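The two complexes that follow have subunit A in common; it is paired with subunit B in the first and with subunit C in the second.
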Partner chain A sequence: MFAYPFLWMISATLKPEIEIGEIGLWSSNFSLRSYKDVISKIPIGRALLNSLFVSSSVTFFVIIFGSIVGYALSRLRFFGRDFIFGVILFTMVIPFQITLIPMYILMVKFGWVDTYLSLIVPGMISTFGILLFRQFFRDIPQALVDAAKIDGCNDFQILFRIIWPLSKPVIITVGILSFMGSWNDVLWPLIVIRVQKLMTMPQLVTIFKVGGQAEGQLGAQLAAATLLAIPIILIYAFFQRYFIESMATSGLKG
Partner chain B sequence: MEIITKFRDSDKTGYVMSLPYILYFLLFVGFPLFFSFILIFHKWNIVTPMEWIGLRNFVRLFSDIQFFQSIKNTLIFLVVHIPLQIVIALMLALVLNEKIKFRGFFRAIYFLPVIVSGVVITILWQQLYAYETGLLNLLLVKMGFSKIPWINDPKYAMTSIAIMATWKNVGLYVVLFLVGLQGIPGYLYEAADIDGAKPYQKFYFITLPSLNNTMLLVIILSTIGGFSLFIEPFVMTGGGPMNSTLSAMLYIYNQAFFFGHMGYSATLGFFFAFIILIVILLQKKFIEQK
Partner chain C sequence: MATITLKNINKSFDNIHLVINKFDLEINDGEFMVLVGPSGCGKSTLLRMIAGLEIPTTGEIWISDTLVNPVPPKDRNIAMVFQNYALYPHMSVFDNLAFGLKLRKVPKSEIVKRVHKAADILEIKDLLDRKPKQLSGGQSQRVALGRAIVRDPKVFLFDEPLSNLDAKLRVHMRAEIKKLHRQLGTTMIYVTHDQVEAMTIGDRIVILNDGVIQQVGTPLEVYQNPANRFVASFIGSPPMNFLEGKIENGSLLAEKVSINLSEAKNIHKLEGENVIFGIRPENIHLTEDGLELPVVINEPLGNETFLHLQAGQQILIARIPALESIQLGDRVRVSFDLSKACFFSSKTEDRLFFT
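Entry: the complex of A and B
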């Protein structure tokens, strides 16, 4: 029940239009026509590169900044630390529906509409990522940090040379969550990107389907959807266990 | 004085390292919050100057039949989606909790729709739901039933979207329930066995109460998700037929980016967020009482 619809979808993209309404998977008339239609009508390859670039950048910065702030909040003593932590917890409760419109206006005023900046910069920090890093770093023995300090390491060196190598699980979790979140987001790209060549993959497929370019061709719509699903399924196939564990943590600690 | 001493004793690197978050907060949380508070008293389409209109956005909101219809639609979605989600996820989790073969494989398959984009799921289910050629109706006809106008009839459309959303998300909740189930100590069941408890008694008196926290989590997560319902109706129905699948988020999007009413849609977002917080607080209170 969970796998069959996907199998059916892949088979439907290979069938000629007239056979799509059949339940079975096999057809003797398999062809790649639907995919050719999609590729000739929309710049799906470019959209794939856009999505890869945006999601990788977001993930990179979320991990870097998240671990830096998480380190400060867990291992350093300074006045106002608890206040910052309180603010982080508080902002997690605010529904994004409040800030959506002002955020768009901010992007307009910065001149970031129709640039990668609007897709990447607001996503560079994940409060949830900070919390996960903070939690993980708190359990690292102080002796390790002290030893590194005696050797003359500063806090950035301690973080990246000593603590990072010990923190693979949390880095993977934060990485998967932010990559997936960024990859699958459609609402924000729909708002800030209007030119086709900068569109992310889910956005382009959405526009293809909703905007009428697909001309009601089921095969082409399903082929576009399949192309959109393939990259994340490939990543999932490799990191399956981490995916499930990460998503479970995101629920349990969120 | 005390503050100055505290500040002097502080590790200054702490401030440097917190800087990314502080900047982020000021720019992308604090400012938008503050600005949304200004926007709700203005009429503005970004191009022309802002116009102060006092509380007129709120007056308009309270007489906006379509907005309340969209909130009602969203609530219908939640009322169908959440119980369905819990029942199915719990059932699957109970099955997977037994030592069956290929457990990891099934878990991986249930999880597939969770990671795939909602756009893919929606395009796929639109074919499954199609009236004449859709897979579901073909199956129904084969089994001797009549066709169901899944997304063509205003009475069914939102329920159909809720079923689809359940299919998409249930894998995540199965995993959460599995974590919860594995946390129940085995001696409780052993004690119940000694007392001669029947399976349904064990489920009702041990399993369910032990899963209370997980239940709360599942309900809150799917409520937040449900209130953000946007892309599914946007792709599948555009809010139709007869606005029956117009979700609140879709309505706010249309007001802002189709009609350019920035002030008004900020007011809608503000009000809607308020409703979300109230609903979640109520749920929390209700479940913690139980």
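Entry: the complex of A and C
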């Protein structure tokens, strides 16, 4: 029941246009025509690479910066620490739509419109990531941090050589959530990227679908959507075990 | 090796309550000093300040000739063993031991040599490839000791290192640590709440309560000549017995009981005063013509028996040879070895004079 719509979508991409309206999954005329149409009409390969590059970069920086901030908020003692944490938490309640215009103006002023920077830099800090890292790091015994200090570690060494190896669950959780969030984002790329060669996959697929290039062919539209979903499904399948494990150990509910 | 000097140390976490209050202490080169006191008395905070993990609010900490207040933990040349071992779970035993040396850029061959030497001393050579989760409590504690040894520090700090071990292993490891001290001759500071551990392991003991030093001395000194009621009650198991009352005509008049103390040295100086009379369980003897008291609890331990005797409103515990066949409810006569009795002020609870 759960998988049927998805299987139907894949089946529809392989059927001739005329058979797509049928509810059944099987057809004797399966072909890759819809996929060929998509590939011939839009640079989906390039968009795939763009998406991989952008999402990987965002994920990398979210993990790095999130864990550094989480470490500072959980392990360092400094004036105003809890206030800063409160401010960071508060930003979670501000909807993205409110910051959209100011953010776009910033991108224009920086001259980052139509560059990868506009896709990556605004996503490099995740409040949710910081929150998860902070909570997870608080549960790591203080004695380990103390032992590392006495052994000669500075704060970065403590974070990356002692705490990181013990924090795989939360790193994977933050990583998957960031990657999925960045991968599925359509609105922001639509605003800051106008050059086709820099477009991300969901952006390109959306434009393909609503911009008329699909010429009303449902099979091609579904094929583009399938191509969009496949990488994220593969990544999820690969990390599924860790993800479920980490959801349990990081105190997150799925 | 190093001396440690603590000068007028105060520590407060909230700038209101002092966890450590005007603490002065000198620890000699190569000495095994034990800090002992009840939970929350500030002993671990003190150790963490020596380690550099906490900063004193005021006061100076000297390691040999260096004022170490501004020196970070890694540069103090100290090693610390933690209560929960604090072994890095993702590293093998070898890497746990070698980690501090790697950070100090010690040559690889030297690291291997030192790790194997420490492993030899602690007999953990066959554990070097294991991860901490594959070790028992005793093995983990040895590895934690090993991690301290390989660094060849000037000072060893132990923060209740045996608390997580079972009673049998604790006795064994206690002896091991003492042996290690003899072998290395390094200055060691050991924190514990267990007075038996403190008595058996230390060259000298510091007894702390509410962040204030109560007494510093050798184990026998603090046992035999406690400076105040707190020390007398904290050191010794069972603890010293106390009876509060007034001295009149050479006798202690406590509630519903009177004890003739005329043979106690200097007792005339206390005439008419309210005092706390203290006597250790082993200094209460069964006699034929002493004070008659009922037995309310009888605890035979095999080699000796603890008798709980009702003296007025108070209970006195006597340590007597196991051979005595005394039943619950019996009335026994006891005498006190007054040459070893202590008298404390009812007001300040300080020792009044040393008999």
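Quick note on the criterion: the second predicted complex is superposed on the first by the 239 of 254 C-alpha atoms of A that agree within 3 Å, B and C clash if a C-alpha of one lies under 4 Å from a C-alpha of the other, contacts with A are read in each partner's own complex, and residues count from 1 in each chain.
Just so we're on the same page, a residue touches a chain if its C-beta (ideal position, glycine included) is under 8 Å from a C-beta of that chain, and two chains touch if they have at least 3 such contacts.
Keep in mind it's a predicted model, so treat the numbers as computed, not measured.
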Fit-or-clash call for subunit B and subunit C when the two complexes are aligned on subunit A: fit
Vertex subunit A; arms to subunit B and subunit C (CA centroids, nearest 10 degrees): 100
Query: Of the two partner chains, subunit B (first) and subunit C (second), which one does A:Y236 touch, if any: first, second, both, or neither?
result: first
Field: Winner by number of subunit A residues touched, once subunit B and subunit C are compared
entry: B
Message: So in the superposed three-chain picture, is A:D82 touching just subunit B, just subunit C, both, or none of them (first/second/both/neither)?
response: neither
Partner chain(s) touched by A:P141 [first = subunit B, second = subunit C, both, neither]: second
Message: Tell me the contact category for A:I162 with respect to subunit B and subunit C: first, second, both or neither.
response: second
Task: Determine, under the contact definition given at the top, whether A:I150 touches first (subunit B), second (subunit C), both, or neither.
output: second
Query: Nearest CA pair across subunit B and subunit C in the overlay: distance in Å?
result: 9
- prompt: What part of subunit C is in contact with subunit A in the complex they form?
  reply: 48, 51-53, 72-74, 78-80, 82-86, 88-90, 99-100, 103-104, 147, 151
Task: Under the touch definition given earlier, write down the residues of subunit A that touch subunit B in their complex.
output: 2-3, 5-6, 8-9, 12, 20-23, 65, 68-69, 71-73, 76-81, 84, 87-88, 91, 93-106, 108, 122, 124-125, 127, 130, 154-155, 180, 183-184, 186-187, 190-191, 202, 205-206, 209-210, 218, 221-222, 224-226, 228-229, 232-233, 236, 240, 243-244, 247-248, 251-252, 254
Message: Quick check: in the complex, which residue numbers of subunit A touch subunit C?
response: 141, 143-144, 146-153, 157, 162, 165-166
Task: Using the touch rule from the top, collect the residues of subunit B that touch subunit A in their complex.
output: 3, 6-7, 9-18, 20-22, 24-25, 27-29, 31-33, 35-36, 39, 46, 107-120, 123-125, 127-128, 130, 132-135, 138-139, 167, 171-172, 175-176, 179, 217, 221, 224, 227-228, 230-231, 234-235, 238, 249, 252-253, 256-257, 262, 265-266, 269-270, 272-273, 276-277
